[in-house]
Amino acid sequence: MQQTFRLVIDCPDQIGLVASVSQFLADHKATIVEANHHTDQQTGRFFMRHEISADELNLDYASFIAAFTPLANEYQMQWKLTDSGKKQRVALLGSLDSHCLVDILHRWHTAELHCDIPCIISNHPHLKEFADWYKVPFHWIDFKTLGKEQAFAQIETLLEQYAIDVTVLARFMQILPDNLCRKLSGRVINIHHSFLPSFAGARPYQQAYDRGVKLIGATCHYVTSDLDEGPIIEQAVKRISHSDTALDMVRKGKDCEVTALAHGVRYHLEDRVIIHRNKTVVFA
Amino acid sequence: MQQTFRLVIDCPDQIGLVASVSQFLADHKATIVEANHHTDQQTGRFFMRHEISADELNLDYASFIAAFTPLANEYQMQWKLTDSGKKQRVALLGSLDSHCLVDILHRWHTAELHCDIPCIISNHPHLKEFADWYKVPFHWIDFKTLGKEQAFAQIETLLEQYAIDVTVLARFMQILPDNLCRKLSGRVINIHHSFLPSFAGARPYQQAYDRGVKLIGATCHYVTSDLDEGPIIEQAVKRISHSDTALDMVRKGKDCEVTALAHGVRYHLEDRVIIHRNKTVVFA
Amino acid sequence: MQQTFRLVIDCPDQIGLVASVSQFLADHKATIVEANHHTDQQTGRFFMRHEISADELNLDYASFIAAFTPLANEYQMQWKLTDSGKKQRVALLGSLDSHCLVDILHRWHTAELHCDIPCIISNHPHLKEFADWYKVPFHWIDFKTLGKEQAFAQIETLLEQYAIDVTVLARFMQILPDNLCRKLSGRVINIHHSFLPSFAGARPYQQAYDRGVKLIGATCHYVTSDLDEGPIIEQAVKRISHSDTALDMVRKGKDCEVTALAHGVRYHLEDRVIIHRNKTVVFA
Amino acid sequence: MQQTFRLVIDCPDQIGLVASVSQFLADHKATIVEANHHTDQQTGRFFMRHEISADELNLDYASFIAAFTPLANEYQMQWKLTDSGKKQRVALLGSLDSHCLVDILHRWHTAELHCDIPCIISNHPHLKEFADWYKVPFHWIDFKTLGKEQAFAQIETLLEQYAIDVTVLARFMQILPDNLCRKLSGRVINIHHSFLPSFAGARPYQQAYDRGVKLIGATCHYVTSDLDEGPIIEQAVKRISHSDTALDMVRKGKDCEVTALAHGVRYHLEDRVIIHRNKTVVFA
């Protein structure tokens, strides 16, 4: 893997903006691996992502930051520069179902997902087996004994101790408290087992079965304090029929959950997602 | 096209039922073109559709009905026998958008849909052009002048005069009154421009845009007095991204609407749909 | 519809290129509606498309061309500037099947496709009906009487007389001669009724049926003198099963053909397609 | 899981056949969980699968076989009765890539796939790690040292020793010799990483990249001595664009491979697949 820097910009659309950024990059001998632009015509907001080969660049990470800051200020940018060589630290939270968790672990193990996974946290002990295989520390937080408040306090402590960048809820069946949602805003990714906004809340496959839909799906989204209402990153669907029981739908839906979550997490880890109000720009 | 009879049965599941029906068909030299079965494990209801070549059968339509009735009564069947040679009469109702209406007309014109289309009814005059091309009588019902009650009374009269079997709402933007929904229960097919139950009601594409979903869709369903809550026949979806405006979504969604409606109408015309409570069995 | 200019560039990738183009656009007050970039890492070729609002720009079409030419030469660009206000002229060629032709006509009629359609040409008289409805001159070229060489000579003459920009083969069942393929290179779009490279050549649905595939499809591509081997613009597929006869596959495949062709034609008309060797860059 | 018997029949289509089978089932108090029929109109061949609850049936497995044999002979059936309580024994063969193998193991581990997996065989030692996790004996067959003939002789011996019912090639990169293909006919399932018949043979993703297709896929099929030409069970596809490198296509294709193989294997294990000439009937 070649080392790259990713320059991600979110600012008001202005004439001269792209020229200035491009000139800056050219001045520093940047070879562009991938470039994406988007203007939200409704809000006049501009979004840009550049993936730049680090080898030819005549700036290191720190000097890039220093050199770019004046330009960023001039154009009122919200921006970041990330280094592909510096892996994000991901915490996986799960409950009983293993399919999403094991899928993420395997993609990480085979280097499809470039990140570190320093810990797995669960409100049930059952997933420990998989954590052990992948040699990832496993923390069972016993919600029943601790109570919800205390349990989430322990989770919060763990996320801090492990210096977690992004928390992935891999079919974690507990609702995060408001304060944690706010504190980790934009850094918690959930997979909901329906094509939202259909069938928000509990037992979506049963809801789908009862309604008689002909498609089921899954939605990968950022967690906010409004349950199942956060910015959507990715969705997947699958065709079903009258002959599918609610259990068949659970089984078929898992394939949607796995791929929607894996894509969403990868987009996030590669800095391809920008949250804009309650929506996302995804430079997939 | 070979002439076929379609025997569609809906009854409590019972041992011996399939044997009795199959024996009846064998006794009368029926060649089965297509056979489908489904048992709803939850309700214990059994559904069966046979498509039978009429040529080799030693019964005509009337004598089949007479001969089968005792068996049907024995097993408490709701059932029907239809003759593929007898075309159903379809009324198309439209408003301003022509894509669904023109698509249905073209599939009818090229004999993909086996039906008669004796009339097109609209609350706007604009679609007359297409009706004229296809030489179908066009009735403009002026809702503004007549008022909603009077307008629907005229529509009801037209449906009776034309002896309509099934009414297709091809992006007809008026809500049918309760009494008409009830009277025509199971005989009015609508296309809603979202993947229901998401974005029921008005302006679904704008709702989808505002929510930031990554998939848009369309739903073909039977009309009931609960708006957008009737039994779903078919759904279609299409992937979108942040770069799609609400207008792009309208454009892309039309392709979903056209195919979902065309499939739904064909399934209905070929007696492939059985309504069970608020859901459908579709032997597609 | 707002008027836009589309600047489409294809040149060797070079540092400073994007900066120069962006600066040029900024100097002339260009508001960018949409911008897309792509570098082919294998060939080192760079592709860029800008859609620019014409209203705020301080250049008209001719002066843009004049002002941009020195820059284009400096970077060895193959480039074009198109004006959304100037519609391309499309010839539709068909044979017996009407679904693709009627679909293109309807999308044009409802202004989804921004183009002129000054003529329809066919080797059969049957499609005249649809041409008449849409008031488009129809030319029946009688291949049987004329022979293939003479027939294509007449078609070539018609394309010249009507000053056609792009020719769309809407299920036209004659193979274009080599000289015409070369002369109209990059300006003839075909729809092939399989997911190429599977089932090139004649009777693809029968081939698909015989092979027992579980998906059928359609491919929209530019025509070259290598039959069914030209650059692919768009593909669509649909799931089938053992219960589909070859005729069912024809019916289901039509929906793929219609959408793949409509998308491909729209991409072409909006200058979203760049041919690179035997492949396409499609800024969809 | 309730215990079921699966009665799978393949015979010439005959009037009275379904009646006789249904009457047999009714006579023995069979509760039908699922029933599927198909007639191949071209060959006049009839296919039927019944899944029967074993609890209410007044026959055990052996007496069912005995009682049904006269009927089967009368109608010249190829048939089998399987017992869901008796798990098939599956051998997994892999090489270097782990995604398909690990996916099958996980679905087996979580009881989505009802089978035994008594061994994993590979021509590389690398997958041993996963075999160990799932506590499945792992056999590394060193093709380089042994030579191909000797290596496959060892594999054949292993399959016999483990009494394997079905062999799954989970991205196993060696071509089975003709004699083994014939011996295990209908009992070896492969996943090919393209939507066959496109890109048969080696390096399909590179072939797909070079051809510039807009969809990639995977094909699950039975292995025959004609490489990549065996009966297709399942296919999956995914949309790609010009911005995908051959490596991106490998990554995206893996999701297709995983789901197509998992579905194909499940259909086989549940006796949902009947091979008819070089095609399959799949009662999915």
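Just so it is clear, A, B, C and D label the chains in written order, and each chain counts residues from 1 on its own.
By our rule, a contact is a pair of C-beta atoms (placed from the backbone, for glycine too) under 8 Å apart; a residue touches a chain by one contact, two chains touch by 3 or more.
Heads up on the chains, UniProt names are A, B, C, D = Formyltetrahydrofolate deformylase.
All values reported here derive from a predicted model rather than from experimental measurement.
A.B. asks: Taking mean CA positions as centres, which chain lies farthest from chain B?
C.D. replies: Computed centres place A farthest from chain B.
A.B. asks: Angle of the rotation mapping chain B onto its copy chain D, from a C-alpha fit, rounded to a multiple of 5 degrees, please.
C.D. replies: Fitting chain B to chain D on C-alpha atoms yields 180 degrees.
A.B. asks: Comparing C-D against B-C, which pair counts more contacting C-beta pairs?
C.D. replies: If we tally the C-beta pairs in contact for B-C and C-D, the bigger total goes to C-D.
A.B. asks: Based only on mean CA positions, could you tell me how far chain B sits from chain C in angstrom?
C.D. replies: Distance between chain centres, rounded to whole Å: 35 Å.
A.B. asks: Could you give the separation in Å between the centres of chain C and chain D, each centre being the mean of its C-alpha atoms?
C.D. replies: 41
A.B. asks: If I count partner chains per residue in chain D, which residues reach a count of at least 2?
C.D. replies: Chain D, residues with two or more chain partners: 34, 41, 243.
A.B. asks: Specify the contact topology among the chains shown, as one of line, ring, star, complete or other.
C.D. replies: Contact pattern: complete, every chain touching every other.
A.B. asks: For chain D, which residues count as touching chain A in their complex?
C.D. replies: Residue list for chain D touching chain A: 34, 98-99, 102, 106, 110, 112, 133, 243, 251, 255, 259, 262.
A.B. asks: Under the definition above, what is the set of chain C residues touching chain D in their complex?
C.D. replies: So the residues of chain C in touch with chain D come to 38, 40-42, 195-199, 211-215, 217, 231-235, 237, 241-243, 245, 278-282, 284.
A.B. asks: State the interface residues of chain C toward chain A in the complex, per the touch definition above.
C.D. replies: Touch list, chain C to chain A: 15-19, 22-23, 25-26, 29-37, 39, 41, 239.
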